[in-house]
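Heads up, the next two complexes both have chain A, just with different partners, chain B and then chain C.
Here is the complex of A and B:
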C-alpha cells in the first residue's frame, strides 16, 4: 500500500487551487462557516475547516484516515456559504477521498459494493442490465428504445437507476413516460444500454470510475440524434451539466422540472383533476442550492388545482439535504455509527411542521429516503411523499396507484 | 516468499443461467463472467503475505470470460506478474484438464506457495486444487481461513476450518498448495484509476495450453432448471384476523404450542 507523505497535503490543496473548481483552498481564512453550516459538521471529528487546516499544514494522514472523510453528503451548504468562494463540495471532498483511496485507505464497504455495481453493471443497484426495461412492463404508451431503433428525437430521456429498477420509483418512470407522450414530444430511451452517468462516483472521489462512465456514455450518446437529454435525477443533471464538459463531452441537458416548466402552457389544458393536498416542496441540493433553480418545481405544483403550496421554514438555498448525495445514499450506517443523524428524518419533521400533508420531491433518492424517514419518525399517517411527476400525472388522469 | 495465485472466471449469477440446447450444459455464450469469490480471497491472502514479508505475487488465469480485466485489477492491487493461458480448444471440460493447464504455467515459476480458491460456484466439489496439487506433485491443504509465515523459513502456519467452525492451526512445509476459503481480511477495493493505469502499464504474458482435453470421469446426463417454489401466501383482513392466521400457521408447523 502507498504511504501518505506529509508534504502531499499542501500539494493537494495547491493542485486543487490551480484547477477551476472554485477559489484556491489555501485562501481559507479558517472562519469556520463551513463547519457550522454543515448539517453533519457537529458529528465530524474533522469538519471541513479542519480538513483544510490539517492538509495545509502538511498533516494529511489524520485527514485521510478520519471517518469524517466519508460523511459529506454533497449538500453544497459549505460551498454556498464560504466567504472565500472555495468549492469544498465538488473540489475539496472528492480530491481528499481520491487521495485516501490512492493511499490504500478503504472506503466503507457499502460504497465499495456500489462502485463495483456501477463498474460491472452500469447501475448502482447491482441489477442485470437486461432488466433495465422492466419498468415498462404493462405500460400503456409506446417506449422507443433508441439503442435498438435509432431515430431522431427531441428528447433522449435518461431514465436513471432507481426509476428503472426500484419498484417505488418505477411508478414515477411510468408516469413520466405518459406525460411525455401526452405532451406530444418525440422521445426515446437507451434501454438496456443505458448506464449511470456517475455523479455520485465522482463526488465520492472515484474519479477513474467516473472517467470510465463518461467514455461509455459518450459513445452511447454520440450514436444518437437528439435535441436534449432530460433526466429525473438531479445528480445526473449536475454531472452532465458540469462534469462531463470537463472531458469535452457537452450535451444540452435538463432536469425534468426545468423541461416540464418550459411546457407549462401545453400542460395547463391537460391538468384537469383537482388534487386536494397541502403540499410542501423539498428543494434538492443539485438543482436547488447548486444551480439556483427554485421556481420551476413550484410553478409545476401551482399548476395543479386543489394544491395548496406551503413552505418549510428551511427552503430554497437554506433547504436541508435528504442526506443521500455524494454517496450518502449508501452510508446511513456509517454516518450514524460516527455520531451523525439521518438528515431525512429531520427533514420529514420539518415538512410535517409546515402543516403540509404531502411532501413533494423531484429526486429519485428522496422518495425512499423520506418514506422510510416518515415511518421511522411516526409521521407515516400524516405525511405522504410524492414526486412532482406523480402529482402532475394524477391531475392529468395518467397516474396509477403508488406502491409503497 | 514467491507466491502464485490461480484465479478462475465463473458465470455471474446476476443473469439467470440458461441451459444450452444440448441439455447437458449451461449456455455460457449467454452468460457474463466474474472472478470466482474464493479466488479473490486467495489473491488478497497472497498480497497480505507479500506486504508482511516481501516476495512476489504472480497471478495465473485461463483465458475465458472477462479475464484481462481480472488480471489488470490484480496488478492494480499489487500483483507483480500476470500470466494468461490461451486455449485453442476453448475452456476445459473437466477440472483435471484445467489443473493440467494451470500446472504447466505454474510449475516453471518455482513458487514457494500456490494459492487458489477452495471451490468455485460452478465447481462446488472443489476438485481443481487437489488435481493441481497432484499434477505438480505438491502437498495440498484446503478450507483455509488465513495464512501467516512461520518463524522458521520454508513453512507457513495456516488456519484450517473443520465442520462446526472448529479451527486448527496447521504448519505446512513449503512448497505447497493451499485452497483458500477466506483471506485474513476482505478483498481490498482498488480505485478504478489504478486499474486503468495498470491496463496501460502492466505486462500480461501469454502462454499456450499444451495439455489436451481430458474427458470428465463423470458425465452429465441432463440439466434441469430449478422448479419455481410455491408462491408466498399473502395474508389479508383485519389485524386480529391476520394475527390469528399467523398463530394458526405457527402452531400447524409446530413452532408454538
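Here is the complex of A and C:
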C-alpha cells in the first residue's frame, strides 16, 4: 500500500492512482453514488464522496480526524457501483486509515485491542494458541494436525479464529470436519500453529501488521504439501486470493461454498434427510459482491430436500452487508455512537420480510451477528440463523444433537 | 544485381522542404552521393520540389536531358507521389517510372545527428534509384462507377441521405429492417429544444421518400452480403415476407379491422410493448410504406393453416394478401453505400438497483416518449400502470452512460431529452418533477436557454446519481404504488430520499446489437465502444476505412437529430462526389498471372480476400480481374509456381530496393 509521507491529500490520491488498487480516485466526478449507496452513508459526517473531495482539494486534516473514517465495514457496494471504477474499499479507505494512524490518530479502542490480539496471539479473540484445537474435543472423526504430522493432503483447511474458539461457531467447524471426512477428501489443519491470515488488518490500514502475518503464514504454508487451501471465513478467502499474491504469496484457495459446490455430485447421495425450512440466503460481501460468486451457496441449499429457497428483496450485488467486515465486527459501538445503525439488525428484518424462517449464512461473523440481531429486533422466535454447513450436515445426518 | 541497361538515364531530385529536410540532412552532400550512383544522369537539389518551379525543373530535365527515370527524395509518397507522377507524365514519361525516397518523415524528422541523417538518407535514396531502374511503364486503369447509391437504415439519417441523393438526380436504394421507415425519431413526441412535434417534421420527409421517383424503398429488408469495392458494389438484400403484396395494397387498413382477432393482444414493439396489436398490424398510423405486415408467429392462417381469413375478405377485390410469400434475395449494384443503421436504447434491467422490470412504474425514456405521443398506446396521456396520473416523477440521468460498468461515454442527448421530458411531464400532468443529474450537458444551439426555461418552469434539479429505487414504506416489492429514490444531493451535501410515483430512466444510446455483424458485412471498423469508426475524427468524419462506404447518424456515435441530419447530408455529398465522377482510377499495384507458368492449381482463388481471381477452365489458368484486385499480394506470396506477380512489387523491384537499402547503410 501507499506510504504517506505528508498530509497532502492530493498526493495521497495520486499515489493511490499509481498503485494497482483499481482506477485512481482523482477521476472521481462527485456523482455521490458511493455516498447514497453506502449503508452507513447517511450517518457519515464525510461519506466517501466527500473524503475524496476534501482530499483532492489537499485538505486531509478533516478527513483523517473524521469519525466517518472508522465507519466503513468493507461491503464493497461503493466500489462495485462506482461509475468511474474507483476502488474505494480496498484502495481509498485503507490508505486514508493508514495515513490517519501515521498522523497519530487512534482508531476506536476495541479495534486496537483486536490488532493487539492478532499480533500477540495470532487470533482476533485474544485466546491462547493452545486452545485452538478445543473445538475438536470429543469429535467423532479424525483431525489431522499437519503441524505435528506433516503429510501430503488435498485440502489444507484454515479453520479460522471464530470457528476455532467461539462455541457457536465451533459447532460449524465440527460439522465441516465431518462433511470433509464423509466426502473422503484428504484434509488436515495447522492446529495450534494456525494464525489469522490478517484480512481485517489489511482492510483497516494496518499494513505493517498485515505484512507480518503474510510472512508468518507463508512460512507455515510453505512447510506443507497441499492441493489447495479451504477457508470458512470469506474475508480470509479474499485476503489469500487477492492480497497475499501482492506479496508474492500465491496459494490456490477456495471458500468452502465454492469447494463444496464443486463436490455437488459427491454430496448428492449423502444428502438423506429432508430439512423442512423456508430459507433465505445472505450473500456475504467478500465471496459475493467482491468476487461475483452467487450461485454455489444457492446450489448447495437447493441440494437439500425440504428446503424452500426464497430471496430477500436485496440480494446478490445489492445484498446488505451484516456490518462485520473490514474490522466492522469491533466497530458497532463506534458506529452507533456516531448515528449509524447496526446493519445486521436491518438485515434480519429484511430476512424476516422475505417470508423465510431460516437465514442461511456462510461467514463465521454473520452467525453471531445475526443471532444477536434477531434477539435485539425481537425476531428470535421467527428466524433461525444457520450456516449452510449446519443445514448440509443435518441433511447428511452429521449434525450435533444440540443444534438440530 | 545492378542492371547493365545502358539506356537508363535517371534524374535525382533532393528536396530541402524549406528547413524540414535541409535542417537535418546535408542536401548538397546527398546530391553528390546521388551523382555517383549507377545510371544517374543528373542530380539536383531544390528548396521546394513540390512547388511549380520544382515540378517545372523535372519536366524540363526530362525533355532536355532525355531522362527516363525519376527519383525524388522528399516527403512521404502519400503526399506528393501523385504530383511528381503527373509532372513526369506532362513531360512525356510514363508516370510509373517515378519513385519517391521518403527522407522527411523517415529520416529528417526522426533523426537528430546530422551524419546519421545523411547516411540514412543515402540509404533510402540508393534504394529508390536501384528500384526505379527496374520499373517498367504501366497503363493507368479506370473502372466505371455505378451511378447509384444504397442507403442502409431508414431512420432520420437514412431518410435525409436518401432524399439528398435523390434530389441530386441519383438513383437511391433505401434499405430498412423494420416494416416502416422513421426509426427512433418516429417514436418521439416532441424534439428538443424547440419542442417541434417530431412527427410533424419527420412525416413529410417520409412521404417524400415514398413519392420520390429516384428512391427505391426496401422495407422489412436487410443487407445479406456485400461484394466488390468502391464504385462497384454488388449487394444482396434479404426481403422478409410481409404476406401482403406491397404493389396491390392501398393502405386502407381494413384488413386489420377484419382480422379474426377482434381485440389486439400482442405487444407492439414500436410502442415498446406498452401497446397491443393484432397479427396483421402497422407500427404507427403514418408508417411508410402504409402497408400492414402479418406476423407469421401468431397469424392463425400462417401458423395453423386455418382461419376464416377476415383480412382477405376485407381486402376484397384488391386481393393483396399472399400467405405463400417467401423470403427472397435481391441483388443491387451500387457505386457507394451510406450506412445509417442508428442506435439501440440501453436496457436498464441490468442495473439491478434501479428496479426496471421489477417495479412497474419504473420506465425507460423511450417508453415515456410513447406514452406522451398522441399516436401512442394511451393516445398521449401520461399515466401509471394502474391508469392514474403521476403526481411526483423522478427522472434519472446517465442511466448506462458515463458509467464504467456499462458505457463509459456520455450519450450526448440524454440531458436534453430528459429536460424535454421534464417539461412535457409538467405540461401534461402538473406533477412535481425531480431531475437527478451528474452534470447538465446543454452544449448546443438553444440548449442552455431551454435548460433555463425548464428550471423556471419549476422542475427540481438534484445533483447526484440515484443509488437506489425502492418501494415506499409499507408496500411490497411488486407494489403498484410509490417509490423512493435515494440520492446524495451533492450540492446540498446530504443524502435524500425522494418519494415519487413514477421514475423515468434516461437511458444511454448504445451500438445496435448486430453492429459487429454489420461492420463485417461492409468491411468497416468499430471504435472501442462499438460505434462505427470514421476514417478520421476531424478531417474524414463520414468516410470509413472501406472506400465508398460512408457512415451517418447515431451508428457512428451518439448524437442528436440536428447533428444526424448534418452528417447524413455530408455522407450524401461524399457519395454523390464519388458516383458522379463516372470513373475511378485503380491503384496500379494489382496482381497479374504469368500465363505460361500458371499450373491452374487454384490456390490463389481460394485465398483472394476480394474474389478478384477466377479460373479460366479452358486454358487451365487463373485470371485476375484488376477492377477487383486490391493489391494485397496474398496470391503473389502463395503461388507455388511463382506465376502470380504484382505490378510495382515484382521480385526484382523489391530485391533491388532491399539491396540498395543495405548497400548504402
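Keep in mind that, in the parts below, the second predicted complex is superposed on the first by the 393 of 404 C-alpha atoms of A that agree within 3 Å, B and C clash if a C-alpha of one lies under 4 Å from a C-alpha of the other, contacts with A are read in each partner's own complex, and residues count from 1 in each chain.
The rule is simple: a residue touches a chain if its C-beta (ideal position, glycine included) is under 8 Å from a C-beta of that chain, and two chains touch if they have at least 3 such contacts.
Quick caveat, the model's predicted, so the values are computed rather than measured.
Annotation: superposed three-chain arrangement on chain A; chain B versus chain C shows no clash, the two fitting side by side. In the superposition on chain A, no contact is made by A:147 with either chain B or chain C.
In the superposed model, A:212 lies in contact with chain B only, and not with chain C. When the two structures are aligned on the shared chain, A:120 is found in touch with chain B, with no touch to chain C.
Contacts of A:101 after superposition on the shared chain: chain B is touched, whereas chain C is not. By the touch criterion stated above, A:82 is placed in contact with chain C alone, chain B being left untouched.
When the shared chain is aligned, no partner comes close enough to touch A:224: not chain B, not chain C. When the shared chain is aligned, chain B comes close enough to touch A:128, but chain C does not.
Rounded to the nearest 10, the angle at the Cα centre of chain A between the centres of chain B and chain C is 140 degrees.
The least CA distance from chain B to chain C in the superposed model is 33 Å. Within the complex formed with chain C, the residues of chain A that make contact are 23, 29-37, 41-42, 47, 49-50, 81-85, 313, 316-318. Chain contact summary for the complex, chain B toward chain A: residues 12, 14-15, 34, 51, 78, 186, 188-189, 191-196. In the complex of the two chains, the chain A residues touching chain B come out as 1, 98, 101-102, 104, 106-107, 109, 112, 115, 119-121, 126-128, 130, 206-209, 211-212. Across the complex, chain C meets chain A through its residues 352-353, 398, 402-405, 438-439, 463-468, 470, 477, 486-490, 493, 495.
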